[in-house]
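In what follows, structures are represented as structure tokens.
Paired with chain B in one complex and with chain C in the other, chain A is shared by the two complexes that follow.
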Partner chain A sequence: MAESHDRPPQPFTLRVRRYDPESGDAPYWDEHTIELEPHRSVLEAILQARDRFDGSIGIRCSCRQAICGSCGVRVNGEPALACHTHLDAAKRSAPDGVIEIEPMGNMPVIKDLIVDMDAVHWKKIQRVTPWLIGKQPVPEREYLVPRESMVDVTQTMACIQCGACVSDCLAMEVDPLFIGPAALAKAYRFVGDPRDDQHFERLNDLAQDPHGMFDCTHCFKCVDACPKDVNPMGQIMRLRRIATADHHIVDDNNGERHEAAFTGLIRDNGLLWEAELLPRSYGGNSWFGKFHPRAGKELLSSLPSIVKALLRGKVTPMGALKPHRIPKQDLASVRSIYDRIEGREERFELNLYIVGEDEEPTTEVPVAAGVVVDVLPDPPGPDAAPAAAADGGDEPADPTSPEGSPS
Partner chain B sequence: MKVAYWPGCVSRGFTPELHGSMAKVAPLLDIELVELDRACCTGAGVIAEHNQELADTLNARTFALAQQVQGAEMMMNICSTCQGAQSECQERLDASASYRERVNGTLAAEGLSYEKGLTNKNFLWLLVEEIGLDELRSRVTRPLTNLKVGPFYGCYIVRPRRRLGIDEEHPRDQYLHQVIDALGGTVIEYAGMRKCCGFPIITMNKEASLKQAGRHLGDAVDAEADCLVTPCPLCHLNLDLQQPLAEGVVGRELEMPVLHLPQLVGLALGLEPKELGMSRHVVRPTSVIDWTTSVVGAAA
Partner chain C sequence: MPAHDVLIIGAGLAGQRAALAAAQRGASVAVMSKVHPVRSHSVAAAGGINAAISVDDDWHSHAYDTVKGSDFLGDQDAIEIMCSEAPAEVMELEHMGVTFHRNDKGEMDLRAFGGASMKRTAYVADITGQAMLHVLYEQLMKHHETVELLEEWFTTSLLIDEAGCCCGVIARDVRSGRIEAFKAKNVILACGGAGQVYKPTTNGLIVTGDGIAMAYRAGAPLMDMEMVQYHPTCLVETGILITEGARGEGAHLLNAAGERFMEKSAPNKMELASRDVVSRAEQIEINEGRGVGPNGSGIYLDVTVVPRKRTLEALREIVNLGRDFAGVDITREPIMIRPGQHYIMGGVKTDAEGRTPIEGLYAAGEVACVSVHGGNRLGANSLLDTLIFGRRSGEHAAERAAHMGMPEMDPSARLREDAAQIDAIIARPRDGRRVSEIKSELGELMNRYAAVFRDEAGLQTALETIGRLKEESAKAWIDDRGTVFNQDVLGAIELGYMVDCAEAIVIGAIERKESRGAQFRTDYPERNDEEWLKHIDITLSGDGAGEPQVSYSPVTITQWQPEERKY
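This part shows the complex of A and B:
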């Protein structure tokens, strides 16, 4: 790192997307070449271009150290904090060597690189009641909560509201009403907080909303976009898990039914049975699900695809009516795994954010059997507590650590 | 090379042409497939959403079965979604010895045990990293000259980057580009090539799901691609099987053929479209078949 700090200033060319909606002119690209040391940030480059060449470039910034979340932009097509992206890294990721800077997506542009966070991001944050509704009666002194519960929610508390995840949310791209990753991660901050009194109400609200937690398309965009490792999609999956498994919320968006049908079909067959999954997701998780009016309606609306698939021989009637299964003995093993795990009193979840990774080095081992695998320390004895990983004994990862380059 | 081969569910269900074409292509690349026919579904992220330990244990069982295949160099899959779901479970299993111990405790009834450090690669990764682009190029007997191919990666094989080991040294999010190029085809870039096909929400928000598929297909049409290629059968379902419905949602005719990765490789290795199951697609890959015929005609 010290080496890169010693490198002398060098030229970097920026291609900045310019747009002033009030002017009535179409957006256009501007290029400026600035000189800075390679370890300096894209934000510093933009500010230099503004100071030296064009004072009208619109950029919002404040802290310049990845804390305030003001300078979210897209660098070479990817969401990033301008102040947290090194110029040399940005240049390397630019196909033609010119660092391309655009405003974030999914939000209207106010001017150049400044987007209207109020119109989208903050409105959605407000939507999830972003404050604690404390359990009653309020204790005379503080609420007492398990340490690991609070460590758990610090991951979502690390959010700096920069909007990078909102910018690139692929579900929001086609459904602007989707509550989105930042707000749903914020919702988990309270659903995961044992002091909050409204877990069911919050979850039910977000499950029943057609643009709520089940509208997430599981694309991992927000996971990579986040400069603070908040893992919004992971929080959304936990909202779903708690809503369906703990609160037994059956929503109107087929979220719970889809999960139950999928999980149930694998238990029954070991492999997915697509022809049953769709009707059961609409009509309920049983063989009779397909006869539910909701499933019938869905079947009718899908006829154009179904007819073509049958005509082309992609799907045969027998293939659709009969599941493919793994061998009987293996199916029995799979079912026994289901019974054992689902029969536990408490659902177990390994949260790497809380426990961190083991310190032993990762060694890639060929898959081949017969190869001596000798990378593990001696396994713990039979008395080792199986849930040791859950006790939060290790220090959590630093929630403010900007892991992964945002560029 | 010998691999423990996980074909996934959909390649044996609604996209049988994927499993079939992989079986045809493997010998041409000297890949010996030992099918993990005792293994169960990866859960595609949905079982993990329901119960993380259940998904991790079911996948650890598959990994343990793979580790029993004598002489296999690694495990290979042909489904981006399987790769993503398995990588997620493996990340947790490999991160914690005590968790592995717990999961292996459940598998012990069957005499199975997962040892940390399995190598599990999608066919796409195996092509580039194990076989190598030069070797692949040398085996091409029918270069895809003038065939304009749009890559469609699928989310699970390009994100999250850290978990999937994507970095400057391993640009796995560029591999489809590299393979199309090595096969002699022309890469067509378009806006949606690394976006979501919409399949995961097809039952929850059908309109948004089909809008995603329709937009990407439309972008590829506008970029004048002859066809798309994908390493993910679930993407194939939304892009091909659901294309007639996606056309209705985006209000335009699309008619964009979508090939599975082994089909595209098979074409370049000299196999015929029919052998590769291309007659079973909902959208007839007419442009690709016409191209094949014209190449054969020209050669004659």
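This part shows the complex of A and C:
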């Protein structure tokens, strides 16, 4: 059995961010030392401190097993469920050995570790029309849908609405109106559900919204934060792929064109040609595009950063105006990646929620265990089979490019 | 003062299902919960929901399995209703959007579960409760204009008028500390069981018997409270649940000698006998020195016999639980488990429409005792119970509301009383014990004396101790003096609820001098149909202020006469 059962209790010190809205005082830090076995959770430590020393420590909690989603906090600056964070691990990641616990970010604090999730999180969930709009006519029995599609949407169904991803979403820090990782993952739960009748409407709505799916900056914070492997960013990327490749939605936010420009430039040059990115995003791959009025406007608004970059020597005028060059054989390799991906008959949607293999050899070859982060940049070779195949099943197959990154 | 046709206390599966049903019938509805709806403990239900949806199945078979599982204490008329309505109810949930696992034909897949004569458990991996709860909450978001959500409101008491009818509640807004009266033509209690009476328990910290105790104090009878389910597979240290779905998928139980000891007590069903049978068998192994682990206090659950890919797909949550809470990869090695408190079959006595004997007061889900579970609930029947009787309560309450005016009652006296009570708790001097100490002692006491095996001496010890804890809890002190999110003061009120529930459990267990279902009396080891094939009702005398009174009511038998129970 696991050795963790045998380790005796030891002292751990917690530094808890406290805030009493009735006192009129600023937030302050409060320290308590408790004793528990090292594999017990930060929540159990907080509860022990509350039971033994100070019953006024505010934290929402219930299940103690990472399913109710109540106890989202920040542990040593990182968003986490308190019940899902081991004390020994938390102590290791604390610079001074004192486990620091704060309320989640991006949401107003009500008291101590309790934040107001309505104002930010739930309002945004409500924004994505978060209920199934079933295909008509409703069958007498269950909808007949592919097995894989239900396994697939179960990944986003597994979201426990804890708010950890919202807490540390960088895009939301910049644009508080950004619909955000949790709500967009929730949106995928319907877009990926073949029973839903409004895929296009949902996607179009979220693509056209200036705070919608193209607002995500690919920072992976939500992927790291999620305690349930929901992979919110991955779901956002799937929304984009389905919107652009399958439904051909061209959005006013230029998300679709930006993505095409990005991947096109890399195909042509092997490396990103930054100066060409903007005109091509607005005007497409043509000489006239450079004079697209919106490109000009965007260029104008970016001038201060461009000047700064020039002054600091991060960009040289020649380097910006000419594409970067890479050796010929490297460029050929880059293009062969494109050819291989685009040559597929069906788009390869990896669902890495279910990973692993049977003990006995089967036709399915293991996909490296771990979350999607490990695999996203490299499209898998033909020898790796998808654990679960394409979304929906009724979507038209379309080759697609690797992740484009409008940033 | 807010006034609604139907006011539902609790926003788990039963409460949300009741709300939807009542709203669809045109009633004005509010759902009040001390937590956000998706935090409700229904979220932790893992394995699935039973319904005879397979073409080879028949609801009569489901009903018989349920009757047998209940050790013939379940009321067969209610069981027939639940099982016959199950397929349509599950289909309705599917149409709402629950992502039920499919087979290769695209139909809902079914898995095996304990005590069932065939595969009839629909599931969403091992997060069925979460998926269902979140989908129902999606529906509440959809109907946000017709269903009012009162999130983080803590109910302190039921309003009962002079005619003895329930006409609302008193509640405290957790966020602001404001206390308010809510009038309602009907109140539906849907606030779950009382697992926190035990320590450890699989139940969340919010499961403190609030509804059971409030109804009891208001004069409603509690039925079969002694029937407390111990789930066979809980993590040894924390009591965290490992779903029965694991055994449904084929996992074995092994003792220290590596034997599948279930062949002694259930040679046919083995690990998939009903929960009371399996928990007892495990406890016997542990008591007789064949347990595993440091103190021989556990049993091995061996999931490695299930194909790994199937485990990762269909039992994903427990793979995570094993890794995160026990440091074990269940796909590679057995995990140590033991029986742990899980569910209260007993509760507020209701009929099949969810009505309690108090006019205007309904109860549905774990808080209620219809009784469909009798002496022992089958796995995956609780989600079904919440939906069927949640819906029926909602429908009936809405119907009743349509034919009556808003009750005339002045709640101000009760409001003042409850407000004063809260102030008094906050002001208590620190000369008694801490709330947390008493709660801990209560939980350990119950887990010792009112557990899998019971006897007269132990139960009497428990009853005496509960008497002392009751006095101590009336003086127990807290730290938090604030109003905003004062969870401390709510904890003190919850402790009062828990002590009442514990007392009823122990009184019932002392009263029932036989062994049936989850109640095993080592001093009365046989089932005794002649004397004890009946429900035990406990009522507080004198309008809820007095002493517990025990009475009996008959078990309804329609098709299935009691017989010897073998698995």
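Basically, the second predicted complex is superposed on the first by the 294 of 407 C-alpha atoms of A that agree within 3 Å, B and C clash if a C-alpha of one lies under 4 Å from a C-alpha of the other, contacts with A are read in each partner's own complex, and residues count from 1 in each chain.
By our rule, a residue touches a chain if its C-beta (ideal position, glycine included) is under 8 Å from a C-beta of that chain, and two chains touch if they have at least 3 such contacts.
This structure is a prediction, so every number in the text was calculated from the model and none was measured.
> Contacts for A:L170 in the overlay, against chain B (first) and chain C (second): which applies, first, second, both or neither?
First partner only.
> Who does A:V98 touch here: chain B (first), chain C (second), both, or neither?
So A:V98 meets neither chain B nor chain C here.
> Can A:T263 be said to touch chain B (first), chain C (second), both, or neither?
A:T263: touches chain B, not chain C.
> Just chain B (first), just chain C (second), both, or neither: which does A:L36 touch?
neither
> Output check: A:V250 vs chain B and chain C. Expected answer is one of first, second, both, neither. What do you get?
Neither chain B nor chain C is touched by A:V250.
> Which partner chains sit in contact with A:E342 here, chain B, chain C, both or neither? Use first/second/both/neither.
After superposition on chain A, A:E342 lies in contact with chain B alone.
> Is A:E274 in contact with chain B, with chain C, with both, or with neither (first, second, both, neither)?
first
> Which partner, chain B or chain C, is in contact with more residues of chain A?
Greater contact footprint in residues on chain A: B.
> Does any part of chain A touch chain B in one structure and chain C in the other, and if so which residues?
355-358, 360, 362, 364
> Would you mind writing out the residues of chain A in touch with chain B in their complex?
Where chain A meets chain B, its residues are 92, 170-171, 173-175, 178, 210-211, 214-221, 223-224, 237, 240-241, 244-245, 253-255, 258-260, 262-263, 266, 270-275, 278, 281-282, 301-302, 304-305, 308-309, 312-315, 319, 324, 326-327, 330, 333-334, 336-338, 340-342, 347-350, 352, 355-358, 360, 362-370, 373, 375-377, 379-380, 384-389, 403-404.
> In their complex, what parts of chain A are in touch with chain C?
Counting only chain A, the residues touching chain C are 1-6, 20-22, 37, 39, 41, 50-52, 54-56, 58, 60-70, 84, 86, 110-112, 114, 117-118, 125-126, 130-132, 134, 138, 140-147, 149-151, 153-154, 157-161, 189-190, 193, 195, 353-360, 362, 364.
> Would you pull the chain C residues touching chain A in the complex into a rising list?
Listed in rising order, the residues of chain C that touch chain A are 35-36, 38-41, 43-44, 53, 91, 94-97, 99-109, 124-125, 127, 130-131, 134-135, 138-139, 141-142, 144, 151, 175, 204-207, 236-238, 240-241, 292-294, 307-310, 312-313, 316-317, 320-321, 324-328, 331, 333, 336, 434-437, 440, 478-488, 491.
> Which residues of chain B touch chain A in the complex?
Listed in rising order, the residues are 3-4, 9-10, 12-15, 17, 37-41, 43-54, 56-58, 61, 66-75, 84, 91-92, 94-99, 101-102, 105-107, 109-110, 115-120, 155-156, 159-162, 168, 195-196, 198, 200-209, 211-212, 215, 237, 241-245, 248, 279-282, 284.
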